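One chain, subunit A, links the two complexes that follow: it is found with subunit B in the first and with subunit C in the second.
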Partner chain A sequence: MKIDCTIDGKTLTLSLNSDKPLSLILRENMGDDGAVNHCNGEMCGLCTVLVDGKAMLSCMVPAFEIRGKTVTTFDSFRRTRNMKDIEKAYESVGRYPCTECYASRSLIFESLIDEGITDPGEILKELSIVRCPCMDPEDEIMIVRRGIEIRRKRNVQRPQLA
Partner chain B sequence: MYKGLSSPNIHTPKNLGEYASIVLHYPMSTLWGGGTFIMTRPDAYPSKTMNAEIIYLGEVEELHRFQRNDRFAEFGAMVTLDEILSTGKTVLPKALTDNIQTIGSRLITRKATIGGTIATKGFTTSFPGTLIVLDATAEVRYMKKKRLHSRWMQITRLLDRNGRISLPSNGLISRVRIAFSEKNCHYFNEIGSFMLDPENAVAAAFTATLDQDILINPRIAFTYPLHGVCYSRDIDSIFSSLRFPLDDEEVDTLESMIFTFIESSFPDITPLQRTRTSGIMRQIIDDLNEKALTVPAEER
Partner chain C sequence: MIPQLAVALHSHPRDDILRIMADRKNFSRYNMRCGILLHAEKGMARISELRLPDLDSRYLAITGSDLPAGNSFSFMGRTMPIIAKETISYPGQIVLALFAPDYESAELMMRQVHLSTEDIAQEEFDAELPDSLEYSWGEMDDNSEGRYREVSTEFSLTRIARGNRRLYTATAWMEGSNMHIEVPTQWTELIKESVERATGYPRRSIIVHLLPFTAKHDEFLLEPALLAAIAAAATIRSGVPCEIREETFFSRPTVDVRRKVLLDDESKPVYESAEMIVDQGAYAFVPEEYQRQAMTGLIPPYPLKGFRGTVRIAHSPSRPASFCGSLGYSEALASTEYHISRLAEIAGTTPNLYREAVEKEKRKFTDYIPGFDLDSQKECLKSVTKAASYDRKWSANTFQKSEFGLLGYLKGIGIASGAGIAGFSTTLSKEAGFSAMMTFTQKRNVTVNTSALSHQSTMKIWKKRIAERLVPDRPEGVMFLEPGPDTLDTGPDTLSRIVSSFTLQLESAAKKLAVLKDTEKLPVSLRFDAENTYYPCEFENSGYGAVACEIMIDKASMIPSVVGVWASFLFPSVLDRVSLENSIRRTIMMTLQENGMHIPLSFHIHIEISEEGTDDTISSVHQIARGLTLGALADALHQAAGDKAASLPISAEEINTAFGEEI
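Moving on to the complex of A and B:
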């Protein structure tokens, strides 16, 4: 099956098995070995990617569902200004995720910051998918709130042209 | 790595008419909603079936509709659990919102659909039990004489003898209607993970109106993921014959009566599931005892 999609800013036409999970596509077809885990549907949360800006578990997204969509992995996301906001939030709170879950947590933080979610219950619920115990819940809530503040300030300083 | 695999054919109908014509040509096809259950099976990929046909329902516009009035809310089968929670958190029955919230992260609820949670092949999620106690109805579309027919059915009527949801061949749930409940007791609890530890997980849903010290129209359903939903009007009538608060002896008698029924329906439940069922049941009784002993605010 031929699938047109955008992965990490590259517009691609991939010839794939139609039900192949996105996590395997990124691993086998894109050579993104380290960044995306393939847990075979164990819901470990480590295979998180952004699909059209929303965090999703790539092991749950079949190839036919990414037709015409934009997939962003941590590999390209880490070079964006949005990641710099999240890094600033980590720095100001004084807490960083461990190397194992750094990518997935950062992408989920981005999804939360982008939606502007400040409710502690919702933040913790969304992050509960990552089972790594390296961060305290209070720190996660503070990082999201701080990230939203930083993003707002940046958007005020540099208003986008219509 | 997976040399020689055959790629399943994906059909993406845009409306139910197209769905009907695809089902006529490929009666053995698999229906794909959100895919959260199918993709989490260990043997999901590579597919073992040759020439598999998948009908992806994500582009059927009718299945994404949501409407509500002052009596009920009606969801298309492809409405996601996250959309249900965000649109109806304040008006929907507490048992349903609690059930959605126990699933956890929005990474999953953003993909899981209401139709998919009811009609899962070979597995029972916690939703059919909750929808049964809420007296929900579903519109079932099925093929008869090469035409697509539709019929509204109570979720209870979709249960087969083994407690599993069974639809007519090539049947599809297109809409689910949930009445706004006026009952004052809503309870939902899930112990253990349905997806990760289905052998030991249990869920229970309960609704009733507690008026003074008796229950009016109580409904209780226990769900065991690998067995099915345990729901019986006999258990409901036992609950309606009780006067609250119950003492320890009455609770023990009630528990043994409920277990007699559960074990006659599902003799293979594990000891852990039994212990968890007992725990949930006692929590429900404790809640009801507490409510029965509390003087309502307007009477103080």
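Moving on to the complex of A and C:
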């Protein structure tokens, strides 16, 4: 089937099987082998992408579900100002995810910061999809809260700068 | 000198992610073949039939007979077949590679492949194993008169063998007379050697393009080389680029340590024997080095009149174990620390006080580790004991344990302390001859010829430190040569050696070159060993640490959870405290989780890092942090569940079963 969608800012019409997982579309059709994993639904959490701004496991998203939607992978997200906020939060808290889960965790942090979620239970529930054991729960909560503060500050400063 | 360099891999992860495969040829997926592998379901079997469907020209099957130059993979002198040909040694061994225009077609076609096997007898299944490594001093006294109290302890780690749910690809393509390989690997020279052995392609014509990777368990050491060899063979046969996609896999060996100790009237150890049996799976890679590293960790820090240590390598029809970040030292150190805590329990005192009572100010000098002052180690221990309220918690748990009927108190706190080591042993360093070369050119630039180019962030630090000594006004004058046919083999990127041992060697070479550039005619080059050698010892002590770990087993679900971890480390010098702390935290978290521990929301790690301000050898942060965490965890688990928690990793089901058996 033909699917119209936007991936990393490019408007595309893809011709593929309707049930092909998004992770495989990104790996095979878009050539994004590095940052997006495909664990075949085993919940490794290393295939996270933003679909219309919400963090999702791309191996669990069939092709038909991205019709008309905007998919953002870490490859394009890392160049945005929002990523700079997350980097500042990492720096401020003094904790960084490891290289393996850096992309996925950063995208989930972005989703949480964007929605302004501060409840520890909800933060950990969202982040539990990344199985990588490189961060402890306390640090994850601190990064999200710090990220929200930084984002708010930036949003307040922006009109003044303009 | 800069132990925190060992964490540089993680310090600025974006650098690694940003590393784009710039050299990759821009070929389309429509003119290439995608390969998947058929793995054997069980080991110790003979292939009775491997039936393939009719394959048209779009498909290609590679079996053990289809590798042009030979079906053999070699790693530091030990070999195994790339693809199982007649017999299957372990479950998961590669039996066939099937290439198709796309992965879906390959998977559909693979369903039509039929593999049948028949079991073979144990006698037919044999592996080349080294003799036991033995090390001893003093003579064991005869205890027939019962002068000493004889105590035995056991420490056991069960094999972990599982996929990491992480996909990676190995791609091969030809361009003119060159064979290009793109793969994540911890040792580029191994890729070249494996491709050469399998295809006959001359090593000078093999160009390796490195993909970014994170090897938490050395999963990118052996298997990518096998995949690269198969992909290269497929490329030669098909004439088009070939790619294999595979899930990463890691395997930790089974380790059993049995100790027998004779205690005097004051419960101080007098004579001790320790036997470590390591099952490395169907094929043992660098077993002699494993023995040396393990022996270093096996020797206890307290004085003994006599000691006999044995490290024996065993084999079984299971997947060969990779280095797993320690090559034996962490496991052996953990077993020693666990053993000391058991002796303290027998003596009726806290492990912390027992250590103070039995350990002298200095360790005994041995062939494996020099006799160093234990002051620093004791300082770390004191710091951790205080931060964790260790003595109070240990005593409370011990006293309350007896009050809680069949289930026990289910709470425990453990402690471990020790010294770090770095890289390979002196013997292996001399045998392997891994090296690098630094040149001061006529244009007054510095070039470094090394295969250790995978750590982008570490290389920035290297450049800065070399520039400080040789071209202080021009840091851009230090260049690492691009990989090519003349690249010197600096060895595998394991045991954090590239960032720990190699950094020291680079600094030392820069110091020497700083003198030579003013006295010799330019250009002047200096070829140096990638690893330091510590004659007369196999290893040098560097960096000290102590870890306390508190756990709790849930009474209803029997899920073991970690309440908290307290760690204290002392390194020769600390440049980037944040990176170092992050690395230690990750190692602790990873060790806890891979051994079955649940991490609750309230979990915290308290870390204290100090520096000596000396220029001593750099230690491998992962080895020491992993070994101490493992030792403290095993100790805590023993206090919580007693002998029922016989080995790590442990699960709620296993604890439940163990308690159920008693009831």
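Note that in this section the second predicted complex is superposed on the first by the 158 of 162 C-alpha atoms of A that agree within 3 Å, B and C clash if a C-alpha of one lies under 4 Å from a C-alpha of the other, contacts with A are read in each partner's own complex, and residues count from 1 in each chain.
Operating definition for what follows: contacts are C-beta pairs under 8 Å (C-beta built on N, C-alpha and C of every residue); 3 or more make two chains touch, one makes a residue touch a chain.
The model shown is predicted, which means the values in this text are computed figures rather than measured ones.
With both structures placed on the common chain, the touch criterion links A:D19 to subunit B but leaves subunit C unconnected. Once the two complexes are overlaid on the shared chain, A:N155 sits clear of subunit B and of subunit C alike. Once chain A of one complex is fitted onto chain A of the other, the partner contacts of A:R131 are limited to subunit C, with no touch recorded for subunit B. In the superposition on chain A, contact of A:T80 is made with neither subunit B nor subunit C.
In the superposed model, A:E28 lies in contact with both subunit B and subunit C. Of the two partner chains, subunit C is the only one that A:C98 touches; subunit B does not reach it. Shared interface residues of subunit A (contacting subunit B in one complex, subunit C in the other): 17, 24, 28, 42-43.
Those residues of subunit A that touch subunit C in the complex are listed here as 17, 24, 27-28, 31, 33-35, 37-39, 42-44, 46, 74, 78, 87, 94-100, 102-103, 120-121, 124, 131, 133-138. Those residues of subunit A lying in contact with subunit B across their complex are 1, 16-21, 24, 28, 40-43, 45, 48, 54-57, 59-62, 64-65, 108, 122, 125-129.
Against subunit A, the residues of subunit B that register as touching in their complex are 1-2, 5, 7-10, 12, 32, 35-36, 39-42, 44-47, 52, 54, 56, 58, 101, 104-108, 110-111, 195-196.
Chain contact summary for the complex, subunit C toward subunit A: residues 9-14, 16-18, 29, 102-104, 164-167, 169, 211-212, 214, 216, 247, 578, 581-582, 585-586, 589-590, 592-594, 599-601, 603-605.
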